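Let me begin by handing over the structure; questions about it come next.
Every chain is named by a letter (A, B and C) in the order it is written, and numbering of its residues begins at 1.
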Amino acid sequence: MSDVNPIVAPSAPSGELWRIVASMTATCAIGAAILGGIYIGTERYAEEARVRGERRAVSELLGLDEGARVLEVRQFLTPARDAVVYQRPAEVGAPGRELVFSLDGTMLHDGALAGTAAEADAVREFHSLGRLFIAMREGAPAGFVAEGESRGYKNRIRFFVAMSADWKIAGVRVVEHEEDPGLGAEIATSWFQGQYVGRELAAVPRLDVTRDPMPEDWRGALRARPGAAAGDWASRFGTVASREAEKPIYAVTGATISSRALTDGVRATILHFRRRWELIGPRLLVPDTREAAK
Amino acid sequence: MSQPILLRERPPGARQLLMNGIFGENPVFRLALSLCPAVAVTTTVANGIMLGVAVLLVQVLSSVTVALTRRAIHPRVRIPVYTIIIAVWVSAIDMVLAGFFPSLYAQVGLYVKLIVAFAIIISRLEVFASRMPLIPTFWDGLGMGLGFLFALIVIGVFRELLGSGAILGYAVVPEKPLLFFALPAGGFFSIGLLMAFFNVLERRRNGGKASAGGGGGHGHG
Amino acid sequence: MVDRRRSRSRSVARWIALLAGVVLFMVALAATAVAAPPADGGFIQGARILVPDHLRLQLAGPAPALDPANFRLTDSRAPDVPIDIREVVAEPGNKVLLTVGERLDPSAAYRIEIREPAGARDVRPAPWALLLTVVLSSALINNFVFTRYLGLCIFFGVSKKRDTAVGMGITFSLVMILSAMLSWALFSLVMVPLQIRFLQVLVFIGVVAFLVQALDTILKKTHRSLHQKWGVYLMLITTNCIILAVPLLNAAADSGPAESFALALGSGIGFALALFLMSCAREKLELARVPVAFQGLPIAFTLAGLFALAFMGFSGLSFLR
C-alpha cells in the first residue's frame, strides 16, 4: 500500500475548513443515527438470545422434564456491603419474595416483591452476586444451578454450576468467555466440563488443577459421555470414573490459567451457594410445600 | 496477473476482478494486509470462515457505500470519512450478529469489532472504490473479500489439521499431531510457509519471473 | 554535522522523557500504595497468604484466644460467607498461623477479622503489584504482537531498520497512552451513564483519528524537522489494531483509570520491545542468503514465529503467586 496521504492538508483556507467540519459532522451524525436505529432494532433480540441461551443451559444442566418448575433467585450485595438481598421475582400465580440477611446470617427482612419499576430501580446500584435456579419437583428441590464468574486468561468467564439434590456436582457449563480457540476455549467443551460431574461436596473446598496429562482412557470416557445413556456409560466406564473421581482436574494442555480460573470459580460458587442456601432454603421452600399441599 | 489490476487499460470486468481478488492480489498472501486476524482467528477453519464472511460483508458494503457517495466526500477528509463508514457497518454487523447469531458472536466478537482497523478495507476504498463506478467496485469488493476468506480457509485448514488433527471439528487423524500449530507462534510459521508456497506458485506461473510477492517491495522504511 | 548532533541530542531528550514518564508512573503507583493503606489495621498489622491453605497474621500484641470462632475470614466478593477455619496456632513474634479448609488465592482479596480483641484487615495484593502485573502481562506474557497477534501490519512494515523501529515504538507508546486514557474517560464518564456503549467502536476510532491529527498538526507547527522525521509513523498508527484493541479491552472489563493506564503502558512497551527485537534480527537477515520464495515477508513471519516461541517462556511470570 503506497503512502497514505496526510489526513488533512496543513493550511486550508477557513471557508474550506468550515465545509470540512460540516461534512465530518454530518457523516458522524448520519453514522450515529444509523447505529442508533440498528441498536434499537437489535438490542431486544440480543437480550432475548442471551436469556434464551441461559434458560437452555439451565434446563440441560438440571435435566428438566415436565414435572419440574424452576425458581429463580437473584442475589445482591448492598452498596454499603452490609447486607445480602435475595429476590425471587414474581411469576404467574405466585407473588415475588424478598429476603434480606445481614453478613453474619441474621434475617433482617422477609416480605413480598410486587415487581414494580421502583423496586427495580432500588437494586440498580446493588452489586450482583449472581443468580440461583432451583428445580422444584413435588414441592422439593430436585437440583440447583448457581451462576458464577471468574477472571480468565483474556477476560471474564461466566458459567453455571449445577448441583443435584444430594449435593453432588451435576454439571458445569461455561456460558461466556473470550479465551483462545483451541486452547482456553477448550474449557467450554463438554468433555472438559465432564470432569466436574459427580464430585462430592466434601471434595469441593480442596478442588485443584493439575498439569499432568489426562489418561487416554479417561479422555475417551469423557468424550463418550454426552452421547451415551447414563447407565450405559456407567457400565462401560465405571472403573475409570471411580479411579478418577478423587483426582484433581486435568488442565487443558497449553491453557492452565483458563482451567484454573474455571476451577477456582466453580469452587467459590459452590461454597458460597452452600452457605447461602442454609439461610434462604428453609424460608423459600416453606410456602411451596403449602402450595403443593393445596 | 502480476501487474496490479488498475494499471490495465480497460476497466476490469467482473471475472477479472474476482480472480484478481482471490489470487492475483490476494490481500493476505500477496498484499500482506490484515495479517492480525489471519494469524489470530485461523486456529480452526470454522472461526476463519465466520470472520472471513464478516469481512466480506463489511468490504462489499463499505465499497458500495463509498462508490455511491464518493462525490459527496470532501477529498481532504476522505480517510476519516472512510473510517467512519467502515465503523458504522462494522458496528451494525456486530449488533446484528449479537442479536441473531449469538453463538457465532461469542467466538469472534472482539475480532469483529477490530475490522474497523483492517488495512485491507480502507486501502481498497482509497485505491479502488473512490475512483471507480459502482458495479466494478462491487465486484472488486467481493473479490477482495473472497480472497480474504480463501486465505483464512487455507491457513485454517493447515493449522487445524496439523494442530488439532481435525477440520471443522471433525477428527481427521486421531490425535493432535503438532499442537504447536494451534499456538500463536505456529500461526506465524504457518503464514510464512504458506506465503512462500504461494510465491513459488506465482513464480511458476510467470515462468521464473519473481514478482516479489508477500510484500517484498511493500514496507514503510 | 550540526544536524546530526541536534537530532542525536533530541533523541536522547526523547529517551529521557520516556524514562521520566516511567519513573513518574512508578512514583504514582507507590504513592497510591502508601496513601491508601488497607482498612483499619489496628491490632492486625500484617497478613500474608501461604498457599495453599494458610494465612499468617502479624499482630500488635500477644495472640488472643486461639479459638477459630474468634476469627472470621471472608472473600471480599462474598462477605457473607465465612471461610472455614480449621486451626489457629500461635507463632513466636506475635504471629498467628491460621489453617483454613479451602484453597486460598493470593491474587484475590479477603478480609480477616478478630472478635477479641477487635481488629480487622483487608488481605489483598498491593496495588502496585496488581498494576505491575497488568503492565508485565501486556508487555511480556500477553505481548500484543507475539501472543495476541495484533498490530502485525505495522509491525512487519516498520521493523526493517532499527531506527524506524525505535521511532515507531516510542511514538506508538505515547499515542497509545493518551488515546487509551481519553477513551477511558469518554467511555466511563460519558458513554456508560448515557447508555450508549454500542457506539464504542465509533468513539474509540474517532479518538484515535482525532488524537493523531491533533498531534500531527501540533508537531508540524512546533517542531518541523521532528515532524518530517516522525510524521509518517503517526499516520500509520491509525491502522494499528492495537490502538483500537486496548480501549475495547478496557471497556469490556470495565477497568478503572489505573488499570487502563497500565494496560496502555504495557502494550506500548511490549510493542516497542517487539519492534526493536525484530528490527535487530531483520537487519542481520539482510546479510544472509534467503531462498527466493522466502524473501521479504515469509522469512519475517518465520522470524516472528521464533520470537513468539521465545515469548511463550514468559507465561509463568507473576508477582502474585
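Keep this in mind: a residue touches a chain if its C-beta (ideal position, glycine included) is under 8 Å from a C-beta of that chain, and two chains touch if they have at least 3 such contacts.
What you see is a predicted model, and the numbers here were worked out from it, not measured in a lab.
Among the other chains, the CA centroid farthest from that of chain B is the one of A. By number of C-beta pairs in contact, the leading pair of chains is B-C. Think of the whole protein's Cα atoms as having one middle point; the chain whose own Cα middle lies nearest to it is C. For the pair chain A and chain C, the distance between mean C-alpha positions equals 28 Å. Averaged C-alpha coordinates give centres for chain A and chain B that are 35 Å from one another.
In terms of their C-alpha centroids, the spacing between chain B and chain C amounts to 31 Å. Chain contacts: chain C has residues 198-199, 202, 206, 209, 213, 232, 249, 252 touching two or more partner chains. Of all residues in chain A, those that touch two or more other chains are 3-4, 7-8, 28, 31, 35, 39, 43, 178.
Residue numbers of chain B whose C-beta contacts span two or more other chains: 33, 79-80, 84, 87-88, 91, 95, 110, 119, 183, 218, 220. Contact residues of chain B toward chain A in the complex are 31, 33, 41, 43-44, 47, 72-74, 76-77, 79-81, 84-85, 87-88, 91-92, 95-96, 98-100, 102-103, 106-107, 109-110, 119, 123, 126-127, 160, 163-164, 179, 182-183, 218, 220.
Put simply, chain C touches chain A in their complex at residues 52, 74-75, 77-82, 84, 101-103, 105, 142, 198-199, 202, 206, 209, 212-213, 216-217, 220, 231-232, 235, 249, 252-253, 315. By the touch rule above, chain C contacts chain B in their complex via residues 146-154, 156-158, 160-161, 164, 198-199, 201-202, 205-206, 209, 213, 232, 236, 238-241, 243-245, 248-249, 252, 291-302, 304-306, 308-309, 312. By the touch criterion given at the top, residues 1, 3-5, 7-9, 12, 16, 19-20, 23-24, 27-28, 31, 34-35, 38-39, 42-46, 49-50, 53, 176-178, 180-183, 185, 253-254 of chain A touch chain B in their complex.
Contact residues of chain B toward chain C in the complex are 32-36, 39-40, 79-80, 83-84, 87-88, 90-91, 94-95, 110, 113-114, 116-119, 122, 183-189, 191-193, 195-197, 199-200, 203, 210, 212-221.
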